[in-house]
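Each of the two complexes below includes subunit A, the first together with subunit B, the second together with subunit C.
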Partner chain A sequence: MTPAKKLLSYSYYPGCSLHASAKEYDESTRGLFKALGIGLQEVPDWLCCGATPAHNVDELLSLSLCAKNLSLAEGVEGDLAVACAACFSRLKVTQHHLADNETKRKQVEYAIDGTVNLAKPVKHLLEILAKDFGLDRLTEAVQKPLAGLKVACYYGCLLTRPPEVPQLDCVEAPTIMERVIGAVGAETVGWSHRMECCGANFTLSRPGVVLKLSGSILDSAKAAGADCLMVACPLCHGNLDIRQKEIEEATGQRFGMPVFYMTQLLALAVGVAPGKLGFDSMIVNPLPLLREKQLL
Partner chain B sequence: MKHSTMRLSIETMNLDFVKKVEALSGSSVRRCFQCGKCSAGCPMRSFMEHPPNRIVRFLQLGQYERVLAGRSIWYCASCETCTTRCPNKVDLAAIMDALRKCSWDAKGPSKESYVQLANRLFIDNIRTYGRQYEMRLAAVFNVKSGQFLKDLMLGPKLITKGKLKVFHQKNKNLAEIEQIFKRIEELRKKGEAP
Partner chain C sequence: MSRIGVFVCHCGENISRTVDVERVAAEAARLPGVAYATDYKYMCSDPGQNLLKNAVTEHRLDGIVVAACSPRMHEKTFRNAAKSAGLNPFLCEMANIREHCSWVHEDRDEATAKASDIVAMMVARVKKDKRLVPITVPVTKRSLVIGGGIAGIQAALDIADAGHQVVLVEREPSIGGHMAQLSETFPTLDCSQCIMTPKMVDVANHPNITLHTYSEIEAVDGYIGNFQITVRKKARSVIEEKCTGCGVCSAKCPQKKIPNTFDKNLGTRPAIYVPFPQAVPNTPVIDRANCTWFKTGKCGVCQKVCGPGAINYEQEDQLIVEPVGAIVVATGFELYSITEKPKGSPIKGYGEFGHGTIPDVIDGLTFERLASASGPTGGKILRPSDGKEPKQVVFVQCVGSRAREKGISYCSKICCMYTAKHTMLYKHKIHDGQAYVFFMDARTPGKSYDEFWRRAVEEEEAVYIRGMVSRLYQKGDKVVVMGSDISVGVQVEIEADLVVLATAVQPRAGADTLAQKLGISYDSYHFYSEAHAKLKPVECATAGIYLAGACQGPKDIPDTVSQASAAAAKVMTLFAKDELEREPIVAKVNEKNCVACLYCKKVCPYGAVEEKEIRDRQGNLIRVVAYVNPGVCGGCGTCQASCPSKSVELDGYTDEQIMAMIEAL
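Coming up: the complex of A and B.
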């Protein structure tokens, strides 16, 4: 067995959404990793990372919740795989801040009543697929190339920003999503709103913000000729998929744009049964598009 | 928009507040030379009464009341575009967090109580359940904000799609989570944490 072919195995932090409103992201991630032969073991008793609300008003709480998760993850072998862009960002930010700041680290260690371990690499699924597993191997695993499917890859805010923290790809012009989905045969479109904010967690408090910002994103993707959007964040998905009908009503435009989690498309390409990818959980029905492209 | 006169004198400039914000955020406020790049890229600019660069200018001039009384800080989406693009490495996203903490701690009336309410419920859910309970988050938000019918059509759809769990399981390690909250409160009471 060559070193490049050694078995990959990860500890897994799904985050709250993946056990609820984004369950299709969780199902398709597990399906994809199984099909690729990558091990994935969920961290037991993980807790909410605090997402945006925690750091918005209480940085110490946000750092402590993430540090607690990092210490729980110590109990499971392998680098920590994270699917949600927000959880990924918070866990990375915590490692980054606590590495440079002795005072904060002491406060956090007191709060969680334990040592903070910053050694475990936290990796987004994109990084695992593109760098650890490799695009060549991903292409080799394809059973049903996504030929003819025009995908608008939507990064949103937290996959790449701020520059020194996630280190996933170029901060202003990333291509990692395009490279990964391109490796399974899909076409990607060039478009203007790849990294514009979707309105984030204002979906609860100020939905009007979401209608405006997510509306521009859908509009831009449609204008670029995309058949669908691909995302890596449950919050972006909620704003673009769940609120799409409202956006259409508010703007008078018709988008009908299915919003896929990246793992749904990748898993479909590597031969995971479509019934296991949660397509029926999506609000904008993706089945007509997938049938039209002969992917079902 | 109406601009009130701003008088600058040693009495009207609260520079201690600036130092507090700098300590909380770990970022300099005084490095900003007002190029406006943060505001140019800010997706939330159109919802704010003061664009991000003006917030920083107010801080430089010690005009904290104007900052805390407005809705701008609560309309920041934490997308980090400003921090990413600042040529002078001002971490504006961290400064916004620090300002929200100052406003939160002051417990004064805020123009953006809905955003504060949503944050409060989100954090309460972590303390009570360990993880987010989306159904409860939405339902309690509607009741507490008096918008009983908000997203009424969305709820049943999400439940039939299996996206909204009506019942929620609590984490097993709730005592440890409660301890984190308690210990942070204790540190603050002793003045050992901001």
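Coming up: the complex of A and C.
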């Protein structure tokens, strides 16, 4: 018998995408945490973090939105768990920015009509799994090892950047995603475009840019021999999964590359029923791949 | 009653801008014992010094306070002036009202008041000054040169040609350093080996040079004119006197696959080897870590085939003590490596360039070996991964240099020029190839340098792209270079066959350890510090030790050779006298009070304190006291501060003087 394990419990900020286009990320996150015995309690009445557009338009607005969320999170016990890379980034940036800027802080406090508490640690799911929960315990929890599945871990822009803010892992050559998914038995590939931009919000204004940038990400993952991509950001997911068909048409290349949220694969490995992981809402059908690898 | 003169300097505007110098002089004139006080714009100038000299005779001064800059700058100047006016030079003191006052304060009234206080203190002190007589010490007219690269070779040859003995110590089995690794040199494109190897031979044949290769400095004792150096001569396992350099041992050695470090690991070498065919001395060395005999006790082929019987597996490291009078440090540089750095290192690696895992991404020195006629490819430029001729080569400048985020903020100085040279060498050998250079700005300040760079751009058609490279990755057999061209504002992607990184110049590993042995200072990057950036560029703050070459900072060959000759000239200046004059500011022990606790011996950083036995006329030991060897004493005063019975005092800094200064406040 191993010594009594620490009971982990977190407050949870899902963000807008996880209630809409990235429902499967939300479902699989809840499923995974439940299976691992980690508590997760949604922050009540949370609002949008402003995502990537707000801070381009009005910095004060974007800081205030996040500061409001941080103060709402105060009411729920546990460090703040965040799944979406953009929400994670904005919340961290807000903490970082207000910590050493008294003037901004006062403006924000006036805007949200309350105090800003910067003490609560904001943690990405990867950090919770790799550091708080621990890779050994994750391996212990595996019921269906993802053996034989070659995964290209895609970090995108926001998980490790800007260098001084997230402090998640090495800014230029991170390995945290590989370590986490490797702990449940998957094989990871070394590839070049792990941290290149997918085109992000240009998906609406200049889709051509997205087709090129996301195209080269898919191309590079394919060249490295990956079966699928693993992401931690709903926007990346949208560009790589939803636009994949368009990219194929534009480049004349056939990828057929399922794009999973990290929690979908992890939850599958720890025994969450596949029906609860939202595989049916993915545009590139992952079922043939999962069947081929005998994971269903 | 003393008659003190006070001379307040304006230092141009350096002092007078914040300090009312006239008021300081006027207040000084009212101090007891001050017979004369004045101010002048440039006290250190010729008229300024004359003013001081005239005042000494005119006002019959018996002590001088010059209120000016730091004593490090001009104490000697004013003491010499005092001496020529007939005063003992140690009766002249400086009140530092520049570094300690005008430069660090803004408020004029406060600064002026402080300057007056400083002057008052020094006046109180100078009254208690004693006439001191300089100490003379003998000079050992032999010198040590550490490092056998072009800097060390040049310095050693210059000193030896002047008729003095030189001991040259080199860590590697052969002298030659990095210059021996280069193919051609800028800006003339003459062959590095052709200008280097004759000098190497000169060193080996010079009657005045003792060469210790494969050796390191173990310990340094003593002081200027009288150093004792312990050299560790590492076991070569080959008896130098017997070896004829025939090379049979290397040819027959069954170990063949050891990466050749001289060729930047491009080729291989046996376990018994000379680093390169033109090595000096041409005596092989056994690499014990990779030798089958030393690993398993079996083999012994080299011993069997060696005709003269020069192989000796039992050879041990030798410690040789060399007495020398001066030291030239010329330990050179090494290139920054982009690989992952150990945790806690202030310098970072390049994850975005793959941490050095892409085989066709090489550094500048590796390219030199590829282009060198004596290199692993015989001078053909072939890429390391598959030996193919690269048709598109990308050169990336400022890799690690000028990159604060990577931990290095300085410019490595030589890369702009050697990259321009590389593009030319490449074009001369692969005519249909294309060279691209990512650069931030071209820094080519040197004789015929800018012309050289422009030749690379205009005649040899190297494409220079102003911008940085963000990422390198392998794609099939190509290396994709992702960068930007900031002059037109577009992103650039080049599929290269070979990428050459101009990585930062760093001091040799272990430079700090050697500095600590020598007692010289170094900067945060471990480059050795010169005594004064402009006026003492080859001297260390530690007397008798001189610097040459890239151990002091990034330098090209012309600069290195110039500095090496300058260091040699400094050594010769030192050797021109039979005896050295040293400042008499040394500690003295009051033997009556000393109880021989010898705390002073424990704390003395110079090892100047000895035990002295006091005997009566019959020769019976009465007691033991501490004794300070004036030749070794550095005048730091640590002994004085630590002596519990107040029995040690530093001349010029006696307790009486310090108390007088405090009371004057």
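The working rule: the second predicted complex is superposed on the first by the 292 of 296 C-alpha atoms of A that agree within 3 Å, B and C clash if a C-alpha of one lies under 4 Å from a C-alpha of the other, contacts with A are read in each partner's own complex, and residues count from 1 in each chain.
Simple rule for what comes next: contacts are C-beta pairs under 8 Å (C-beta built on N, C-alpha and C of every residue); 3 or more make two chains touch, one makes a residue touch a chain.
This is a predicted model, so every value here is computed, not measured.
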| request: State whether A:I112 touches subunit B only (first), subunit C only (second), both chains, or neither. | output: first
| Touching A:K293 in the superposition: subunit B (first), subunit C (second), both, neither? | neither
| request: Check whether subunit B or subunit C contacts more residues of subunit A in the superposed model. | output: B
| query | A:A223 contacts which: subunit B (first), subunit C (second), both, neither? | reply | second
| So, A:L65: does it touch subunit B (first), subunit C (second), both, or neither? | first
| task | Please work out whether A:A173 is in contact with subunit B alone, subunit C alone, both, or neither, and reply first, second, both or neither. | result | second
| task | Please work out whether A:S192 is in contact with subunit B alone, subunit C alone, both, or neither, and reply first, second, both or neither. | result | second
| query | Counting only touches as set out at the top, which of subunit B and subunit C does A:L213 meet: first, second, both, neither? | reply | first
| In the superposed arrangement, what residues of subunit A touch both subunit B and subunit C? | 163, 171-172, 196
| field | Of all residues in subunit A, those that touch subunit B in their complex | value | 16-17, 19-23, 45, 47-48, 50-61, 64-65, 68, 101, 107, 110-113, 157-158, 161-163, 171-172, 196-197, 199-202, 204-207, 209, 212-213, 242, 280-283
| remark: So, in the complex, the side of subunit C touching subunit A is made of residues 340, 350-352, 355, 405, 471, 473-476, 480
| Hey, which residues of subunit A end up touching subunit C in the complex? | 163, 170-173, 192-193, 196, 220, 223
| Residues of subunit B that touch subunit A when the two form their complex | 24, 26, 43-44, 46-47, 75, 77-81, 83-84, 91, 93, 97, 100-101, 104, 112, 114-119, 122-123, 125-126, 130-132, 134, 137-138, 141, 145, 150-151, 154, 157-158, 161-165, 171-173, 176-177, 179-181, 183-184, 187, 192-194
